[in-house]
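Heads up, the next two complexes both have chain A, just with different partners, chain B and then chain C.
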Partner chain A sequence: MFDLSTPLARAVFALMMGLIALFLFFPIYWLVISAFKGNAELYQIIPTLYPHKLSLGHFTNAFEQGHLLRNLRNSLIVSCSAAALNTLLALYAGYSFAKFRYAGRRGVMILLLSAQVFPFGLLLISIYPIITDLGLIDTRLGLILSYIVFALPVSTYMLYSYFSQVPSEIIEAARADGASELRIFHTIVMPVSIPAVVTVFLYGFMWSWNDLLYAMTLIVSEEKRTLGPGMLLSYLNEVNSDWGGAMAASIVASAPIVLAFAFLQRWFIQGVTAGSVK
Partner chain B sequence: MSSISLKNVKKSFGAVDILQGIDLEIADGEFTVFVGPSGCGKSTLLRLICGLDEVSAGEIVIDGEIVNDVPPAKRGIAMVFQNYALYPHMSVAQNMGYSLRLAGTDKAEIEKRVGDAAAVLRLDKLLDRKPRQLSGGQRQRVAIGRAIVRKPQVFLFDEPLSNLDAALRVDMRVEIASLKERLGTTMIYVTHDQVEAMTLADKIVVMHAGRVEQVGSPLELYRRPANLFVAGFIGSPRMNVLRAEADERGTLRLENGTVLPVTAPAGARQVSVGIRAEHLSLSDDPGAFVLRGRARVVEHLGSDMFVHVSVDGASDPVIVRCPDEMELAIGSAVSVGFEAANAHLFAPDGQRIVSADARRSAA
Partner chain C sequence: MAFAVQDSGKGPAAALRVSPHAERGGLKARERRVGWLFLAPALIAFVAVILVPFLRALGLAFTRYDLQTPVPEFIGLGNFHAILTSPEILGSFVTTAIYVVLATAGSVLLGLSWALILNQPFRGRAALRAMSLIPWVLPSTVTAFVWGWIFNSRFGVLNALLTSLGVIDYPTAWLSTSGGAMTAIVITKVWFSVPLFMSFFLAGLQSLDKEQLEAARVDGAHNLALLRDHILPHLKPVMLVVIVLGVIGNLQHFDTIFALTGGGPVRATSVLSIEVYRRAFDQWDIGMASAVGLLWVATILPAAWFYLRHLLKGA
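Right, the complex of A and B next:
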């Protein structure tokens, strides 16, 4: 580690941290201030570093136009369903891989993880015809299913790793206490694994929330459009580019994720299994 | 309460045979202790009896019924795990009541039984705590409490005290002894600790490399070990062993010709003579006893002392236990002796043989 005892070292360290912070936060800062600038100020040749005149116009516009709220609602439905379904599947798959021994276990696991090797965009070529054949084009279900395809391998692996750490003895103790396997999973293993479950839920949620490509391709009708395509198509299309509106909409779009993290972070506490085994 | 019998029980993991055919009878209400070196299969055997693993061959019979295919919860067995295995997200009361809740026992009854067990184990003030808020000894008691509330036919303890400090071990040992008196339930107890084994057991089973070496009461094992392994394993410090050779008349001599005060039966040639530290006498007069040697290490324990003596004609030093009152300089010449009645003789294959003196006195 650095020796931070001299003032010079401390100054250099502070400067470095400052630069990193600037690098990370400047785009976010720019996004926020741009959203609060009036159009006149926004398109000045020499940009202002903060809104000289605070304007909420972009926000009122965004909400008045209506499609932002509709997009938001669609995104919430799709992302929550995908995240929930993904978590549910990953829970059982991960537990089975972690705590049961059966023929083909390793093979299936490797197969599952190998799906992660293919790029997101490439798989669209194979997913698109499948979704079409299933008659799920332009449905929320089709979108949800294709998000799960991507989130599931890593989610399963994350839960597999976590469950592997859960001491087998507490599972055996429950078995000896007379609990059925499902009961053990629901009353012992899952409560002990809440941090991992929350993490996996958020992971699946982010995947779906941030996607543009699949949502653009698999959803056609305007009333089912999610935030990504919605914002792109309404603010930055061939005829106009409403940067201020896009910025304001981005803030609205990020809010649920920020709120979700804020609300769920108390579950990211360490040591849920503390005290169980020596 | 239940009797248990194991008939030629075997367990292999893949190609490795861990248990090589265990036969054992445990009577109703008996307190049986399994001892043996690390890795000899004690935990494996306990897990088979509990039903957590399946036997590779053989039968496990509880109360006359073959239970090979009976799930753990239906065997009437409660197991206390070596590492406690408490449910971390449940309070002490919930941990203890879990099995009863699963069985559909009504709330009042659960509360009563948990309360009773908690009182016995002095956990009554801790019922609302989570495991992480407990000390090691308290967790251990919760693990035992969880077993007690089920009122099992058989208790299995896998080294329950191994994680505790010395003082707590003594407390908990007394606790378990009184539990045994009060409940009278059949108990099987695995330990590495000599004192626990000797004080708690009605019957000790000495295991070695997946086999049972000897079964008997603590004093039987101490007084008449069936082979060299048991002789070395039971008793602390280890039994001393002198390699000797017998002539036609049974006279036993060390390598350098020293004649031992015990006679081998007819026909014996190579004989291992075992004598416990407490059965050896020590003198600082080199002429007092037959074995001559020098004091190498002196360990003072307060009441006793252990003197390590390198004996002329013997390859390994012997340990002598004597009252801690002798002034002994390291390297000083000493002599060591013993009585024929206290010597254990073993054949080259390690099995016990009876000395000629003992035969004579028996006749």
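Right, the complex of A and C next:
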């Protein structure tokens, strides 16, 4: 791409790279090392650049107090269910958009995609009374159903672009053999679409795992609280701020999603940027 | 809603049988029927959870619906009149504009630079690309903790750095001054938007014609000329998508702003998402919240139109 054979070009490149890398990665470094500092070392005006005395106190506290584990468990239940539901809905819809031609298809597609620009906060205003009327306020089910809002439009589009690339000939051939449409989808199309399915599942999971707004509004009771509002209320409330605890809990809360990405990031990025670059 | 989900499993099975001897007209009708059946579960969920609440919220914008008025009462444009005469709410629009412009510009600039850097071959590039995604996937509460701690007025590393470098004489209370709080929420948003923007730009850079670039270089074009005359023009369509997505995302963003400043100090960071939330769930003034929300949607529409047109080009 660029010619870096001159010392000046190399210096400019290295400087830019260093500055942006510092901006992107220093906060993560700071998060991790702060979690391993004891309170005496943590609360200093001029901080130490690495933990001079390694302390696991914030982690043992977090697990002993119990609320973090409870938040984790709730987030896991809600996020897995929401991701599964979202993937299931998007699978069939994406396939329908990609491989069937019928009147109204384009209209529904536009409608579904335009939903991405309805502000989540505005939707929440009227989802709240609906969920309340259904008796689902302060239930995990209510939160799971509401999370359809976040991921369904983009998930459907991701699967639509993926299925569009599956050759129609294999579907036609199976049809000629007399296979039912559901069977064709489940036994022929789905097996070759595992990367897309995994991507969409992870996408839905990420939205629900990382959400704060819906979780803090639709869940009231402490025993059902998920990670986002749970951590905010436990570590930075009006009474005290426990920054060490917040950092330790942050590492625990981020681990599942960061690990999932470490394994799946290539598929994922292809899925998310698909269709936007031509 | 729960029923809609179950439908996708069993309901359509019987109807989806296809006979290979079907006539042409019958095939078309079948394609339509099967297409709609596959679509049905998602469509029902969409209507129930997204479309109906959206239209309902738009309708509530024209009502009085608050703690004293438990049943929505039509008042026409009353809420909008109140908005136009409320310096607080009008201020929210200005705050939002500042936030969206700064956060989008910062993310595009750094995302593009980072993509150009990571497009250059060097050892460890793949690992660095993968690591760069981390800020994007962290839960919003974690992101707010990370930056809240960095910007902390007493023990924050930023104040320590700036005072020891002599940039400032006394520690700044970042999150409790209006300029500082805006700086903090913008930097936080840019931080976790850069990875996504970088991914879009990297994808765009992959289709760059390397031979053409080589030829230009042989003709004596320098790095900056290459960037200006070849790389940036090539990235123009991606740039448009990224800016539009950035604007839509930033107009809607709530989580890290709420966790870091709650819209404060006073109203310095009270962007529309915070404003609507506060009106609805702190003051229970649903009518007013919906009216502000409707104007909020209106600000998103121009960007949304570009985005949709682009996405549907192939469909």
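Heads up, the rule we're going with is that the second predicted complex is superposed on the first by the 256 of 278 C-alpha atoms of A that agree within 3 Å, B and C clash if a C-alpha of one lies under 4 Å from a C-alpha of the other, contacts with A are read in each partner's own complex, and residues count from 1 in each chain.
Throughout what follows, a contact is a pair of C-beta atoms (placed from the backbone, for glycine too) under 8 Å apart; a residue touches a chain by one contact, two chains touch by 3 or more.
All figures in this text were calculated on a predicted structure; none of them were measured in a lab.
Q: With both complexes overlaid on chain A, does A:239 touch chain B (first), chain C (second), both or neither?
A: After superposing on A, A:239 lies clear of both chain B and chain C.
Q: So in the superposed three-chain picture, is A:167 touching just chain B, just chain C, both, or none of them (first/second/both/neither)?
A: A:167: touches chain B, not chain C.
Q: Check the residue A:109 against both partner chains and state whether it touches chain B (first), chain C (second), both, or neither.
A: A:109: touches chain C, not chain B.
Q: Figure out whether A:178 sits in contact with chain B (first) or chain C (second), or with both, or with neither.
A: After superposition on chain A, A:178 lies in contact with both partners, chain B and chain C.
Q: For A:192, using the defined touch cut-off, is the partner it touches chain B, chain C, both, or neither? Pick first, second, both or neither.
A: first
Q: Going by the contact rule stated at the top, is it chain B or chain C that touches a larger number of residues on chain A?
A: C
Q: Is A:88 in contact with chain B, with chain C, with both, or with neither (first, second, both, neither)?
A: In the superposition, A:88 touches chain C alone.
Q: In the superposed arrangement, which partner chain does A:46 touch: chain B (first), chain C (second), both, or neither?
A: second
Q: Determine where on chain A the residues touched by chain B overlap those touched by chain C, and list them.
A: Touching chain B in the first complex and chain C in the second, residues 175-179, 272-273, 275-278 of chain A appear in both lists.
Q: Give the list of chain B residues in touch with chain A in this complex.
A: Interface residues on chain B, with respect to chain A: 50-52, 71-74, 77-79, 81, 83-89, 98-99, 102-103, 130-134, 136, 139, 146, 150, 163.
Q: Show me the residue ranges of chain A that touch chain C in the complex, using the header's touch definition.
A: 1-4, 9, 13, 16-17, 20-21, 23-25, 27-28, 30-31, 34, 42-47, 85, 88-90, 92-93, 95-97, 100-106, 108-128, 130, 141, 145-146, 148-149, 152-153, 156-157, 160, 164, 175-182, 185, 206, 209-213, 217, 227-229, 231-232, 235-236, 243, 246-247, 250, 253-254, 257-258, 261-262, 265, 269, 272-273, 275-278
Q: Given the complex with chain A, which residues does chain C contribute to the contact?
A: Contact set of chain C toward chain A: 1-2, 5, 8, 12-13, 16-20, 31-32, 34-36, 38-39, 41-43, 45-46, 49-54, 56-57, 60, 110, 113-114, 116-117, 119-120, 128, 130-135, 137-142, 144-150, 152, 154-155, 157, 160, 164, 171, 191, 194-196, 199-200, 203-205, 207-208, 213, 217, 222-223, 226-227, 231, 237-238, 241, 245, 248, 251-252, 254-255, 258-259, 272-273, 276-277, 280-281, 286, 289-290, 293-294, 296-297, 300-301, 303-304, 307-308, 310-315.
Q: Contact residues on chain A for chain B in the complex?
A: Interface residues on chain A, with respect to chain B: 167, 169-170, 172-179, 183, 188, 191-192, 271-278.
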